[in-house]
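The chains carry the letters A, B, C, D, E and F, assigned in the order they are written, with residues numbered from 1 in each.
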Amino acid sequence: MKNLPWEGRPEGCRDVMWRFSHNPIIDRYQIPVSNSIFNSAVVPFGDGYAGVFRCDNRAVQMNIFAGFSKDGVNWEIEHEPIRFNAGNTDMIDSDYKYDPRVTFIGDRYWITWCNGYHGPTIGIGYTFDFKEFFQCENAFLPFNRNGVLFPEKINGKYAMLSRPSDNGHTPFGDIWLSYSPDMKYWGEHRHVMSPAPFDQSAWQCTKVGAGSVPILTEQGWLMFFHGVITTCNGFRYSMGAALLDREDPSKVIYRSKPYLLAPAAPYELAGDVPNVVFPCAALTDGDRVAVYYGAADTSVCMAFGYISEIIEFIKNNSL
Amino acid sequence: MKNLPWEGRPEGCRDVMWRFSHNPIIDRYQIPVSNSIFNSAVVPFGDGYAGVFRCDNRAVQMNIFAGFSKDGVNWEIEHEPIRFNAGNTDMIDSDYKYDPRVTFIGDRYWITWCNGYHGPTIGIGYTFDFKEFFQCENAFLPFNRNGVLFPEKINGKYAMLSRPSDNGHTPFGDIWLSYSPDMKYWGEHRHVMSPAPFDQSAWQCTKVGAGSVPILTEQGWLMFFHGVITTCNGFRYSMGAALLDREDPSKVIYRSKPYLLAPAAPYELAGDVPNVVFPCAALTDGDRVAVYYGAADTSVCMAFGYISEIIEFIKNNSL
Amino acid sequence: MKNLPWEGRPEGCRDVMWRFSHNPIIDRYQIPVSNSIFNSAVVPFGDGYAGVFRCDNRAVQMNIFAGFSKDGVNWEIEHEPIRFNAGNTDMIDSDYKYDPRVTFIGDRYWITWCNGYHGPTIGIGYTFDFKEFFQCENAFLPFNRNGVLFPEKINGKYAMLSRPSDNGHTPFGDIWLSYSPDMKYWGEHRHVMSPAPFDQSAWQCTKVGAGSVPILTEQGWLMFFHGVITTCNGFRYSMGAALLDREDPSKVIYRSKPYLLAPAAPYELAGDVPNVVFPCAALTDGDRVAVYYGAADTSVCMAFGYISEIIEFIKNNSL
Amino acid sequence: MKNLPWEGRPEGCRDVMWRFSHNPIIDRYQIPVSNSIFNSAVVPFGDGYAGVFRCDNRAVQMNIFAGFSKDGVNWEIEHEPIRFNAGNTDMIDSDYKYDPRVTFIGDRYWITWCNGYHGPTIGIGYTFDFKEFFQCENAFLPFNRNGVLFPEKINGKYAMLSRPSDNGHTPFGDIWLSYSPDMKYWGEHRHVMSPAPFDQSAWQCTKVGAGSVPILTEQGWLMFFHGVITTCNGFRYSMGAALLDREDPSKVIYRSKPYLLAPAAPYELAGDVPNVVFPCAALTDGDRVAVYYGAADTSVCMAFGYISEIIEFIKNNSL
Amino acid sequence: MKNLPWEGRPEGCRDVMWRFSHNPIIDRYQIPVSNSIFNSAVVPFGDGYAGVFRCDNRAVQMNIFAGFSKDGVNWEIEHEPIRFNAGNTDMIDSDYKYDPRVTFIGDRYWITWCNGYHGPTIGIGYTFDFKEFFQCENAFLPFNRNGVLFPEKINGKYAMLSRPSDNGHTPFGDIWLSYSPDMKYWGEHRHVMSPAPFDQSAWQCTKVGAGSVPILTEQGWLMFFHGVITTCNGFRYSMGAALLDREDPSKVIYRSKPYLLAPAAPYELAGDVPNVVFPCAALTDGDRVAVYYGAADTSVCMAFGYISEIIEFIKNNSL
Amino acid sequence: MKNLPWEGRPEGCRDVMWRFSHNPIIDRYQIPVSNSIFNSAVVPFGDGYAGVFRCDNRAVQMNIFAGFSKDGVNWEIEHEPIRFNAGNTDMIDSDYKYDPRVTFIGDRYWITWCNGYHGPTIGIGYTFDFKEFFQCENAFLPFNRNGVLFPEKINGKYAMLSRPSDNGHTPFGDIWLSYSPDMKYWGEHRHVMSPAPFDQSAWQCTKVGAGSVPILTEQGWLMFFHGVITTCNGFRYSMGAALLDREDPSKVIYRSKPYLLAPAAPYELAGDVPNVVFPCAALTDGDRVAVYYGAADTSVCMAFGYISEIIEFIKNNSL
């Protein structure tokens, strides 16, 4: 990647990952109808970047919107939500769409999101150009959220992480792996990881869910994930990372016991939902990595790090 | 009204309503004993304004206080709560009083509030001068909140909106209409409106309650109301508006699908109860309208708009 | 009353009230469509008795049915639910009707019941002949249950006991008194009695609700009521009695600390809702009293006693 | 079927379905280790019947056991639970197994059950002879229960009904349809039916789940299902029936508004879980149908009816 | 013991423990004021037996009563609750008393019970003669239940099992051990055992609590305990047994994976709280053991067994 | 005390207590591994101060750390948590440690904290030098928090305040007093104070817990405590004070009806848990008092006042 959005580690900073000094990069009111823009996904596209953005409008209806950027920081987001044509199905019902992820596999960009069809489940779609979009069969029965595709087939099959949930705010949540030969039928469901015991890593003791599309490294798949603790004043979402086995990504090699990023900046501590750091995408040009995360369910922010350091860190601080 | 408190739409603002740049107009500690001053009501009075203010003291006892202002922005609030004499009843028990509304009907100012009598219900009182106050029979059995009188009789009877509730934080709530021939006995209860479906207007999907005293327009009664969504970190209160039928206000003509104002300013996002915008009063001098709302259960704020634009907006964006 | 249904105290019985040996007098399947018949009300009518019966059909839709009996024990219940004409209102919506009470005041029989109109509230109707029925305005806003009229006006006004509730199974409940000049508008709401402290009378520590129409005695209004305890396996409903002041029935003179009847018979311990004794009506011919109660939300049963003994008992065992 | 277990309609009975007079046919203690035997499935096998039985042992561990019968009424149940070999997967983990269903498709008997793998999901297995058993991939991600296969392929694919749930007692539940080309990967998930509105059919207002394997009739697939109401003392499970479209079984043609069988017999009203009627299998030899159901989570019982009458009934009493 | 109450194993019975054919031995109404008599304790006394009985009166006030029996089966229970004098404290407040246990240590009979003092905790008292009783300091802070003393000092100190709880129906519960040098100050709290994992022994997966006073055997302390499962219709209490280390009873040597007795008899399945078997006392004359247990929170019952067989059973079926 | 950390009352301030203008004095990230530092305790030590600090690390594991300061404001906190040797017990298990308090009695510094041993309970330890630490027996059975020792023996025994709780966020909580002859066995538990009625002092209506070590004054023991209200968005913790009887500290002489300090500063309104003011220590040099409190479960802050004024205030504003 030629022009990874990037800002070096601030002087005196001893953290593995650090925030962008221009956060938030996308404000809640950036498009006319938006109440909030957050939990969004980006990929390299052409000589810049494309993205799929969660914009809740002022009726607080949840939907996903396409956007484009030259530098990954300054974004033009469409003012109308994505309209899908029928892909491998005619059943493209959707009461709402939120928390998208995007990845390129083979010849197209695949999008997954939380799709409302008698409850939340994993919607799947694809595009070749971020102009025309096609919706496929939902991957699973409800209730499910945080479906994240691997960026390539594994053992000849598509592979997806997801987090079975309930129809509300879900006070539990494990990460699972499922396979599909054709992006239509899914099976071979394997358990990947559970919340951590309270006394070992409380920030991730209520639930965990896949964040960004996993990044293939020599040591395994690097996956940023969110972990949640239930305080007496509600949920607090932080970000950790795990390394999954290359051949069998249901096997966790390392998993960060400390978080990598937790709500502490003002734009993370206050907003529509205070105390949320929620990663949905990561760009990398080798060792450098730029993570996009939703802040306080209100805006889009970025954090940076070095993959080698991150892996070293979670190896030395593994649960 | 000669001197409506007012500030024009800020440059570049494309919203139907906008905040006062001097918010909050009343700080939590404005009177010596107060912990917070919010959710309060004002009316034109003499050559200025009078109001009834919810002040929780530092024991966090809830009570209502009289106040006066020349300009509707700068307020002198009494340091002692209102003391009521017996009106149409001797039963003027009150464990607590909060969230007042005020309106002038006929020859006097009627006040309604949430009155603690074996649980919250709707207290009613009146005053001629904001010095001497008289308490009447409670309108309803518990549990009820947000009782708001229409500013004139309808079909010869007093009419009141209210929101039946429970004895706690009430995770539900519809707006109802009731009539009384005499401000003592109430009946002809009619259902007015329910929370909206989550996928159509999530900001008002948990509960809705009447806000300010309805404003009579040619097209119907304009009522600002609050709507609530339950996030994983608690309730978020926003403001919408509805237009009710002139003859039968239980009929909703239009109802805003988008909110008109939702917590986004710092004084709305943090405070005793974060993420609350709670309208309790509105002044108008024709087309201009000034809304008073409680922010974060902590302070009193104002927002402005034009009635014609608001009605146009909710007509074009009706649920 | 010439032919009060009656059975004397069984030999060796030392209880204040005792069960009918032919219980249940009405079986759950007595009419073709019924799933259960229970919580029903009877009054003297002609030379026999008439009644209004709660019959849930096999879709478990709740409705009320008229019935007739020569002796108060053997009943003919209509196979179709009561159809109401408009009384003092055109608004006779009803999603469901249950738990009726009946009393004669002035020139007609008044019926109250739990009426479904955007939640449970108190429905009111009347009949002159148990053939033609008229429905009036609901007495209150939701949520309310167990509305029981006094059998005569008090201080020139109709008087009703009720139990404000919630929209579910209601883990709380006090008895209240309200007045109406005209059976249309209601007010002067007064608190009558709360659940008892757990350590003083646990069978009535969750909620209490009026049961039968109060009986006027020289010492006051004798009211049978239900009290509920929450065990680890759900609610248990028992029956107590209270004596209310003749002039001001919001004043409780005596209230039974022990129950008068609690679930112990097989037909009370098992059924659609185990462990329920729920009184809804009482007949008397002077000192003898016959109480009709629902058993296990399944069938109609009877218990007997002497009013003088009952009053003596609650006087000597008052909370 | 030559020797369908059967007992004619009792004299005077006007119900569409009626209980076997020898209920329960299998007692809770029928095998040495059992605490309870219920919610079990049977199919014709050889010149008699075979079955898969849920037996909870006295540690209340849930497992499934094979059994055989000449007449469908008197059963020999194995004393050891079924041991599975690997079918189309090596992943045959199972913390527990319960609520089996069985059907013959093509060349073998397919078994589905609630399988414990990090929460309840749908386990799938097969046998040719009820001696050797093979376990396949779980159909879905948790949480799911009541997976019921259609007895033949639909549009060339296996089809399964299921009820997405949670990890506890699940106060909600819809019936869904999913397809698989190969019994390994599943997709094309379609919503079939939701709980009924409380005021229309309260016995099925909390959740509904498929019961027996659907029976193909000229008018469509006849499916017995369970419906649940939440009383103040817990869940009550009853049995209804629905007719699904032959070509697209996600379409409900008729659905019984009244129940067909609800807890009323002593063995249904008392037991490990009172008030449960839970159908898991049905045998038919043309018009006659014999339904096997679990009673009170304690024993196995039977009920009978005529398919033509049942379809007529649900047609005339459809939701 | 000369005359242990006893009945041999019924013909054909293959269970380790069996019920008394004359159950319940004490009916709910045995004394004039009682609503229920259950969860009670007995010890050898003089040439017969004495006991302390939980009798809830008809106000459902919980209290403990003394009783005497020649044969351990037929009991005379006092009609007035035990009155305590001050023992090692003047603070003998008690809002309620329930679930007593009794054991002889040294020179007197020690009684423990659930004592209401700002919530449930463990009350301690003693008597020499079951006529005069003395109350001591409560052992612990609230909230606690099921305090059971060992029948002799261990390492020179009194030792007590208990189950920390909450102020309600307590959906959790472990067994703990505490020591006291003087029956006044307690410490050295050690964890003994937790509920079992659901998939290993579901009948004891919600909570466990000590039942009878432990019996010293050569192999360790034999303790009967109750275990609870949460069904969709509430708690179900069953009885198991554990063997604790003689020197350090916080060490569990064996613990029964299957229950020894679970609700199945009619008097256990129906009553004030259905599905409860709750052991509180055990008598033994060597190998034979007679256990007293409360049934359905309604009556007192007995079950029998041989200690050698019970130990063998829990050894072979240990969790 | 020679150099009490101190800042005089700000000009115009009319409050009894006021915040330090340099708050927070300890930032969340002050030591390398910390996520937050709050709810900590300090004592005079040598010619300066020593303290025990709650630092949650970035795995959000809770532990306590020693620290030292010359002036009580600027602190050096160890980078490793305290390691305990065995004191009066070998059982020094601890899953987590948090919310410490420290006081000097006799010859050593005693530390109490919330200790994780099968749930939260009160851990006890001591040190002579803040270098070597010794852990003793836990004071109580779980579940307990906020154990606070009196700084001298009372009637010859150690005395401790505590707040029995549950294993979660505990929506209740009273303050209790217990005694011990030897810091090993505890008893003579007495109830001290309950939450206040909602309508009298709502800020302390959910729970109350001891804060700082009580300060002996001529008029009694001055104890700062926290009180909690449950808003619709979670708990809000404020600080009050009470005066306890010198001879029998279970007797409350005065108790502040208004709070002394409640969340209002930005660092109290936002953080890991918004809206928390949680006092854990107080220093005094006669009349001046400096209180250390945790802010928003994130940082350490200070507030100041005069003991004479505080006592006068709670005397004049007593509950």
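Please note the rule applied: a contact is a pair of C-beta atoms (placed from the backbone, for glycine too) under 8 Å apart; a residue touches a chain by one contact, two chains touch by 3 or more.
Just so it is clear, the structure is predicted and the values come from calculations on it, not from any experiment.
J.: Trace the shortest sequence of touching chains from subunit A to subunit E and report its length in steps.
T.: 2
J.: Could you run down the chains that neighbour subunit C and subunit F together?
T.: Common neighbours, subunit C/subunit F: B, E.
J.: Taking each chain's centre as the mean of its CA atoms, which one is most distant from subunit C?
T.: Relative to subunit C, the chain whose C-alpha centre sits farthest away is A.
J.: Over half of the residue-numbered contact pairs in common: that is the test. Which of B-C, A-F or E-F passes it against D-E?
T.: Match found for D-E within B-C, A-F or E-F: A-F.
J.: Taking all residue numbers at the subunit A to subunit F contact, is the shared part over half or under half, that is, same or different?
T.: Different; most numbers are used by only one of subunit A and subunit F.
J.: Distance-wise, how many Å sit between the C-alpha centres of subunit B and subunit E, to the nearest whole number?
T.: 58
J.: With centres defined as the mean C-alpha position, give me the subunit A-subunit D separation in Å.
T.: Measuring from centre to centre gives 39 Å for this pair.
J.: Do you know which subunit C residues sit against two or more other chains?
T.: Only 233-234, 270, 274-275 qualify.
J.: Touch graph across the chains, line, ring, star, complete or other?
T.: Basically it's none of the tidy shapes, so other.
J.: Which chains touch which?
T.: By the stated definition, chains touch in these pairs: A-B, A-D, A-F, B-C, B-F, C-D, C-E, D-E, E-F.
J.: Using the touch definition up top, name the residues of subunit C that touch subunit D in the complex.
T.: 28, 32-33, 35, 56-62, 95-96, 116, 169, 233-235, 270-275, 297
J.: Mind pulling up the subunit E residues that touch subunit F in the complex?
T.: Within the complex, subunit E contacts subunit F at residues 89, 91, 117-119, 121, 137-144, 162, 164, 166-167, 172, 174, 176, 178-182, 184-191, 194.
J.: List the residues on subunit C that touch subunit E in their complex, please.
T.: Within the complex, subunit C contacts subunit E at residues 14, 198-203, 229-234, 236, 257-259, 262-264, 266, 269-270, 274-275, 317.
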